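Provided herewith is a single structure, encoded as structure tokens, for subsequent inquiry.
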């Protein structure tokens, strides 16, 4: 077993373009989609939990479809499919819409579980001090659910970081697209892909630190 | 909480503050309450005792609008009576809520809020009372139960007995006409029970009207004016505390009281 | 969606996905071009992360200039190329699209600007494959979407799908496939830049393949103008010049 | 807005090849990788929980690397990268190794959380009746952890079903590869991809039913 | 469980079955046990009482090998004494385990096993006793506590009192020389306490040796031979049950007993 020759010069030269792709593509795409996706997920979770069978059914079907089909196809349908129905959306908005809808489907179940994990007594304590359902949700339940949902949502988030590489199929340039370009020029696809993977990993490590901080902040009112 | 408190009624008056009649409630096939009648005089303490599953908690929850009875009337002197049926609206059910306040077995404090925030959440956020006033009132009540210096702690930093005292203060801060207690000490370490019972006893002496579910028969005998013994969803026996707990007329009551006082 | 050929004609209301006329292009002042950007030497980024360039890119840029409009490139993967054209994400593909009967039923082609032939590439030490007949029962690595894929099948080879030339070469060197068929131009450029002595050309096709710019149905007037432009560029030597730059030979046919 | 014309004949003709790709590629690949991945995940989870700092550190690093880097790159490293170190593995084994390693990284945290969710009193009850750590783990903790981990593991499983489409990049023929072939031939990418997505969805729906069954079976000893 | 049971010692013998001396245990900076000395005579019942956090549970856990003391000696007459230090091995610690059996406050039954499986798990899987014999023995013990027909139920199908009786049977099935009870009734509904206390009392009368942590002072007085009062990790007072609980010598013991018996 021998180590392959590594073209270190190429590795160094390609570092900045890859990082730039990450900073101008991967990261803003991830942040925007995650924020919007969370909002959608909250709505879906409330539809699932609320009394209405119809709303709950709609949310279930949506979640099932999103989780059951490949993300690539979801991107294609929005970007290449909708124009034939007369609706043409630019690459970046298309990407953000598709990723948000995807995150929404996955995060909805997490948020739903987190809301259900708050003891029923918290709702009731809210009601007995005169709160409406809405007030109890906003002021009592969601703040407590937030704590529980940080770890599973951070999984969704880390998956999203990597999934944004699919945006290159709908004309959005991010890190993986840069990697493909460099690989195509240099024909050194292994080296470049591994380099990109390492940068993804560093992003994820940084994000894990943020997650830890957030957890610790939210932990201040919990024993231990 | 002073005797001139506007939310409280003079015990001497002796009106029924609360009149419950014909309360029925089923969960599916399980008939949990059958034709419950209760009267609570203003300024008096009613103790609800009975075996596990007899429906005591369900009665409290119906009074507080957390559960919708299938039939029956709940009549607070402080507002319009609510008669329950299929058609009773959520709004009607909820109208009961403002007249009473509940103290839970498991405290149910808000873990993400400090002691003071727990107490002022209702007055400020729901009743929209002036913030400064609500805080002053909360501090006075906390002082009263010996928890003034805990105002900025989170619930998990308190012992069970302290948490339950906060729970009581949170209920008092609602300025209700009726206090509901659901086994307020049964989740507590035996040594911490005393602190909470002492507070409840003082409230009773000050003339608060209460309905109290408890397994502490000695305490019920001491503090309650009336004792209601329930079993299987019906009221088996009710009357003055001394009578029902010392010399029960019904066989079922007698067996229950005996079992609790002589466990082995 | 999908590139159904009838779409343009019977759906005049659907401006977005019908063909594009010359007037529309001139009015807009831009021609939007779909290309891979990762297909060296035809469409790639200088140095990997620099400007988009390449043989197809330069030719279509010259055509746009001839038409008096700005070229605007949209880069996407081959999988999405025809979907992009169908959904009017761009108006023309410049990415070595070979003219085939299949494609002619759904799309319009300009006059060809590349004429080349295919080559079988094998390991240098391989002396078992020296003609297309020898591919019978052999395994080749092909990009699914290229017309070389079909040629390999017709020759009786097992086909393994790869994303591009680099992976095909990797499989060849690792002994996982026996050969790969590709455009001779791709091979030559690769040897020019990388210089790999492990592989060689084992055989060449007799038939030549032609590549052209590809349009949606309904773009007839535009295609006509493009053909005129290509003719002019051929005449004034521009095409030859571009070809010489990349291949040291005239491959424009 | 109007519906685009759909080439129904193509949709029907392509159904059987797609389904075959699913039955002979996607499903066996998923099942094999998931089984091996679970075994690996259990080992990793135990390394994380056990006393040794070194083992725990190794497991953490592995999990972080797997979750932090794109699956595509993991596949490429095993299939295209290892040969340059003298180790050439066939497509199917490569795919199973890569997917198992990936599932192992993701499922390890789930299993770890599930094991930790079993009350400490269960271990202690085991010890007081004379069990060793190993016996308690095998006979008391894992059976209880299994119940808790079914829902999150089914997410991993459903993701895996779709992720197996990446096996097409390392020469394994599964459903997505069939879809690409048909699409390349017919140029009808959208139609074929959406059709494949629907088949994926149906697989996922079936799997959800299996999950429900499993949960109900494991629920028999739990209240409600 | 018959008086001729080989695992049990004759109460008349009056040997110390268990001798604990100089037990120390810290969690980090927290010195939880300081120099604990205890003797338990064969066939006798020792009740351990004291405020929350005084270290009662930790003592039991040290006796059962669930916790490793920092120093001290545990000497069971049934086997070699174990003297603890930094160097004590896990094996030594665990050697204590087979001589005693523990009944937990929260039952800790195995939720995925039936009642019978809970009881036979130790005998069959660990002690490798013949299956038929272990099952017969388990059925006999279940019969004894009135749970014969529950043998195939899962724990969640039982009431708390029934679960705890299974917990006791599981401990008995280990054939230990010492039974350890950690507040066996404090998680129970008040009405269910009686059933469990009755079983424990019968075991005491049959001559089982036990160490019992409890807050039920009346029960301790009735059933225990010796009472040990702990506070802050030290033994404050120990002696015959009647003396310690009726006429404590130490001020701290007096305060504790008074608080528990007169909570309000």
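Labels A, B, C, D and E are assigned to the chains in the order they are written; within every chain, residues are numbered from 1.
As a convention for this text, a contact is a pair of C-beta atoms (placed from the backbone, for glycine too) under 8 Å apart; a residue touches a chain by one contact, two chains touch by 3 or more.
Here is each chain with its UniProt name: A, D = Amino acid ABC transporter membrane protein (PAAT family); B, E = Cystine transport system ATP-binding protein.
A quick note: this is a predicted structure, and the numbers were derived from the prediction, not measured.
Undergrad: State which chains count as neighbours of chain C and simultaneously of chain E.
TA: Of all the chains present, those in contact with both chain C and chain E are D.
Undergrad: Going only through chains that touch each other, what is the minimum step count from chain B to chain D?
TA: When the steps are counted carefully, the minimum from chain B to chain D is 2.
Undergrad: Report back the single chain whose CA centre is most distant from the CA centre of chain B.
TA: The most remote chain is C.
Undergrad: Please identify the chain with the largest separation between its CA centroid and the CA centroid of chain E.
TA: Measuring from the centre of chain E, the most distant chain centre belongs to C.
Undergrad: Where the CA atoms of chain A average out and where those of chain C average out, how many Å apart are those spots?
TA: 36
Undergrad: Any idea how many Å lie between the Cα centroids of chain D and chain E?
TA: Taking the mean C-alpha position of each chain, the two centres sit 46 Å apart.
Undergrad: What whole-number Å value describes the gap between the mean CA coordinates of chain A and chain E?
TA: 52
Undergrad: Two-or-more-chain contact residues of chain A, please, as numbers and ranges.
TA: Within chain A, the residues that touch at least two other chains are 76, 80-81, 84, 86, 189-190.
Undergrad: Two-or-more-chain contact residues of chain B, please, as numbers and ranges.
TA: Touching at least two other chains: none.
Undergrad: Among the residues of chain C, which are close enough to touch at least two other chains?
TA: 1-2, 7, 13-14, 79-80, 83, 86, 167, 170
Undergrad: Could you list each pair of chains that touch, in label order?
TA: Pairs satisfying the touch definition: A-B, A-C, A-D, B-E, C-D, D-E.
Undergrad: Please give the residue numbers of chain E that touch chain B in the complex, ascending.
TA: Chain E reaches chain B through residues 51-52, 186, 189-194, 197-198, 201, 215-216, 219, 222, 256, 259-260, 262-264.
Undergrad: Given the complex with chain A, which residues does chain D contribute to the contact?
TA: 1-4, 64-65, 67-74, 76-77, 80-81, 84-87, 152, 155, 158, 162, 165, 176, 189-190, 193-194, 196-198, 200-205, 208
Undergrad: Under the touch definition given earlier, write down the residues of chain C that touch chain D in their complex.
TA: Residue positions touching the partner: 1-4, 6-7, 11, 13-14, 79-80, 82-83, 86, 102-103, 106, 144-145, 149, 160-163, 167, 170-171, 174-176.
Undergrad: Would you tell me which residues of chain D are touching chain E in their complex?
TA: 119, 121-122, 124-125, 127-131, 135, 139-140, 143-144, 147, 220-223
Undergrad: So in the complex, the part of chain E that touches chain D is made up of which residues?
TA: Listed in rising order, the residues are 64-66, 94, 97-98, 101-102, 104, 106, 108-113, 121-122, 125-127, 154-156, 170-171, 174.
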